[in-house]
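Notes follow once the structure below has been shown.
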């Protein structure tokens, strides 16, 4: 996630620069050809340019609304993982008397959020996860199709063998923890849904095709009136549409390990710090800080 | 669900190709008739073409918002089925001591998601469901109006006869499971609602009729200005509106067994793999993979 | 609810036909008067017709979004009644040992959904409800201001007298059922809210007035350019706006017993079938089928 | 809330009449000055009137969406108060054996909804609330900053002293009631949020200022083309924008004791009737009926 | 939060005044140069000004929708903190017999909401929080990365050591409080999410850049038609777009300690008053009142 309040012009230029340069060059060519080389057939007066603009507007409004909603839902779901992680460990403080079990649950939970992050980013979780788990558990879970799901199940198994009290109390405790574990399941499932369900392809290909056609036709429609000033109007308008398209592209895949990502590394680190401080640990890792204005 | 990141041009051409060809041919005919055959009455100058464009924009924006919302709600509800299925079996790990009962619950749940998928797709569930159920249960449930609903009731029956503990613990456990079973009921009911409630017919027929009228009138309004370039402007704009209409049509029925469907076969397979790995099984089926860029 | 996938042209013509004929006749009159009778003052060139179109678009987009949201919320709330009805009876299978009490709860619930439907449609529920209730109960509840509310309270009374187990178990069971009964309360309250709160009157009267004014002015603005072709542009555009208005009118009252209604009779029948099959009954009523393409 | 299906033209004229008359008079003056008095500089041909119209459209669409959402959320939250009030008393039928305590809870709840209504409308609740409370309670709660909050706390106190059963049952009952009381807290907090948080002032002042500027400029832009017909186009368009603005103003304060209010008196009466009939009372007050088409 | 119903023109002028003056001066310069100094090349007739207006409209509609949603979500989440704080203390009245523990919980909760407010505003919470906590607790929690989270954990610790009853009752009570503490966790996490996740930078920089370009080009496009009246049209339209941009900027950071903020000081004071009155205290602090029309 980009956190710098200033726009990073270099990054912007790297992604949209070539396109804008190409557009501008094309507009210049059209303007020169018409004005100085007298290529009169380039000017197409009756082009229904505003009409096409309206249609593109409808398209982009729809797509960008949807792309933003995906990005914000992904961020909200990671927020839910944070909340439920804190609630899980807070509940152990109230309901689980054995401090060693509390510690195990907290560390399982840290392993869980790391496994979830690596699963979404399609990275191998084991280098980070293995040190947090007892060896037997690690061995048993290697090869799981969905490691995060199996780690949640592990929480349930661990809680179930705590029977330092009478049976009813144990069952009530299990029922309470079940609620928080289900909240985690729901957030995880939501994140996997966004990761695995691309926006319908229509939303990507059609707008880009139409905007490009628009960029090609626009100077032809304007050149008769603007002559050498054609690029001024044409490039500006096309740039706005390309920028609108770009927003959609950047936001529609919020979990795909790009700079526009939800900052999952920073979030999982925050969870780790909070959970360990709840256990009373004082030596905790440092928060993740932005690198070049980007928080990962 | 189409998962290939590239647009499949052949599929696109198959669905919208004929229409575009027809449009283009018509535009050519109008342009030729006006420019070379001098059929001057074809050009209708005062046509309020932009006005009609605005009205169509309002219509399509409304319809496509609604169609996308249906598609995403269907996907989200299937996600809820995934989450609750995992939570159900995870809760058995904590709260049900008998491994055989855990296994029965997990297999009933796999049968449930298959029955739900087949019910939505209007297919016979029994070939897939029968091997997962005890024979007596299968016999009793044949003929159910809604097999999925009866399979959830079966879960409740199975849980209720587990009385290896004192009465209170049993009741607390039933209360906890009741929450997850109700989540499943709610997701299932939501999916049936989307399946059984078509979008109000207005949303389909009116836009198509108006867009077609628009496609017919547009070249008449443009031909005086564009002459032989008429198809360039006219076909492009009509194509954008037809594409917008197409998106709505593709997304409004997300559970009807088309290529734009929620990939229910893949989702139910994922559930099966996760639940079996939670039981400790290592020989699990393979995930469903896309066929020709389409995940079913 | 209209379920036929084909538009029923006869129904459409019956509702919007007269209006369209009137519009078309008026447009013809204007065109003839201007073109052949030379009534030149009819043509008002400077009319800001597109501006008015934009304002109407804003109005209709707002209204139709809201109307659709009401319709879909009503449908979703009836879905919640279905889900909670199934959950209620499923919970009796797990938690209520006495089969006679299970049966009473299921039949009370069937009576509840019928009372809810009749209450919303302002029909007398007693002919359908009376046969489902014990006579004493029926006598006590006659004269209730809100029969559905009192039937839910009856469920609570019935559950409360089941004390075949120790006190704690009984209380846990009551707590679990309370959740499902509250879900039913919430859905019912939502339906009554939609039924009793008409859309603010502004949303109905202003658009219709403005569209009508628009239909009257439009041919005057177009006739100078289009002459005898005026009706072609004018009637088409007005028809689109009237169609958009019609959608809003049809959807804004989804519980008022019209053809655009939520199909409450069919939904309550589905509930009845599912609940009775959960009790093990095999002789159940048939589902409601559409009559002339309309499901009630 | 206005319930009459017919628009009350007199009310409308009273609120927007003077403005429309002023606009119309101004338009007439412009038209006469230009056409007959030859004040040619009044006509400003190049005014970008449609552009301004688009900007106003964006503004009003945003504002009216938000205003409607506030109105509907307020209505929905009052619906939640209805639902939770019914659920609270229904739960006493199942879980509280002493009929006198049931009665006290129901009457406290009636006092609660009245206190909530009066608090939102900034009226003194005591004349209505005092007769419903035991004198000691009333004396203790006088002077509360937020009477409704303290009445909910009173429910908790009353429930807590019911110890006719063993400790566990009592605690389970308290846990169940806590859920419903929290639902009431949430609805109450939501209503106070809407009441105490005005829409950002931008949303009110800017649109009105711009629409007024628009109303002043519009006839100047149209008069050259329309001459004496200027008011026909100008007043109509301005009226549409003023009507759109009016909708926002009417709906944005749904709890401020105006005719566009949520009908809180009627809703609290409905609650009173339902709760008393649940206690078995037959002598209940009559529902509130509309006065002059307005339900309060 | 600005609560005065009248717009504070001085504040407005301070923020947007300089910009408007600059725009107006520029427009005057263009008008004078063209009209009196005969700088004819300033007039660019063919500028597609309306097209650019449409594109900006799409942009601003999207951005302002999103900014308002952030503002309202932040307000709603603080409302949830209010509701859950009341519910927490209300539950102690029912479920915690020891009045001293009730008091401690209420004061911890007051400390919690203050810590949350200071954390969001990046202020040191200790001057306000320290007097509310036992010294040992304060010492232990100094240095917490997230003080609010640790204070919630403290609530859990405090509740867990109350064992004046048998084990089951204690566990049921812990389960009930866990629900309310999780609600607080969720609201807190949501507020931190909004605070820490800036709106994607695209949404800020692009619109401002495009609007500025628009403000520069607009008088060039209008001057040929309007001559010395150019500023009338140009400044007005630009002002509307800048105002729309301003709304977004003001609302998109609702927790950043500006005048457009959610009034967190007032809300936390309200919570303090309500909780202390629930304990029966009569000497409570006064509500926060607006200073210069702004509630903090």
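All chains are identified by letter, namely A, B, C, D and E, in their written order; residue positions are counted from 1 within each chain.
The rule is short, and it goes like this: a contact is a pair of C-beta atoms (placed from the backbone, for glycine too) under 8 Å apart; a residue touches a chain by one contact, two chains touch by 3 or more.
Keep in mind the model is a prediction, meaning the values are calculated, not measured.
K.L.:
Centre to centre, by mean C-alpha position, how many angstrom separate chain A and chain B?
P.N.:
23
K.L.:
When the C-alpha atoms of chain A and chain C are each averaged to a single point, how far apart are the two points in Å?
P.N.:
The computed centroid separation for chain A versus chain C comes out at 38 Å.
K.L.:
Note the residues in chain D that touch 2 or more other chains, in rising order.
P.N.:
50, 54, 57, 61, 65, 168, 172, 175, 179 - these are the residues of chain D that touch more than one other chain.
K.L.:
Thinking of each chain as a vertex joined to the chains it touches, would you call that graph a line, ring, star, complete, or other?
P.N.:
ring
K.L.:
Can I get the ring sequence of chains, opening with chain C and turning toward chain D?
P.N.:
C, D, E, A, B
K.L.:
Under the stated contact criterion, what part of chain E meets chain A in this complex?
P.N.:
Its residues touching chain A are 44-48, 50-52, 54-59, 61-62, 65-66, 143-146, 149-150, 152-153, 156-157, 159-160, 167-168, 170-172, 174-175, 177-179, 181-182, 185-186, 188-190, 192-193, 197-198, 200-206, 210, 213, 217.
K.L.:
Mind pulling up the chain C residues that touch chain B in the complex?
P.N.:
Listed in rising order, the residues are 1-5, 7, 49-50, 53-54, 57, 60-61, 64-65, 68, 71, 75-76, 79-80, 82-84, 86-87, 89-91, 93-95, 165-166, 168-169, 172-173, 175-176, 179-180, 183, 218, 222, 224-226, 229, 232-233, 236-237, 240-241, 243-244, 246-247, 250-251, 260, 270, 273-274, 277-278, 282, 284, 287.
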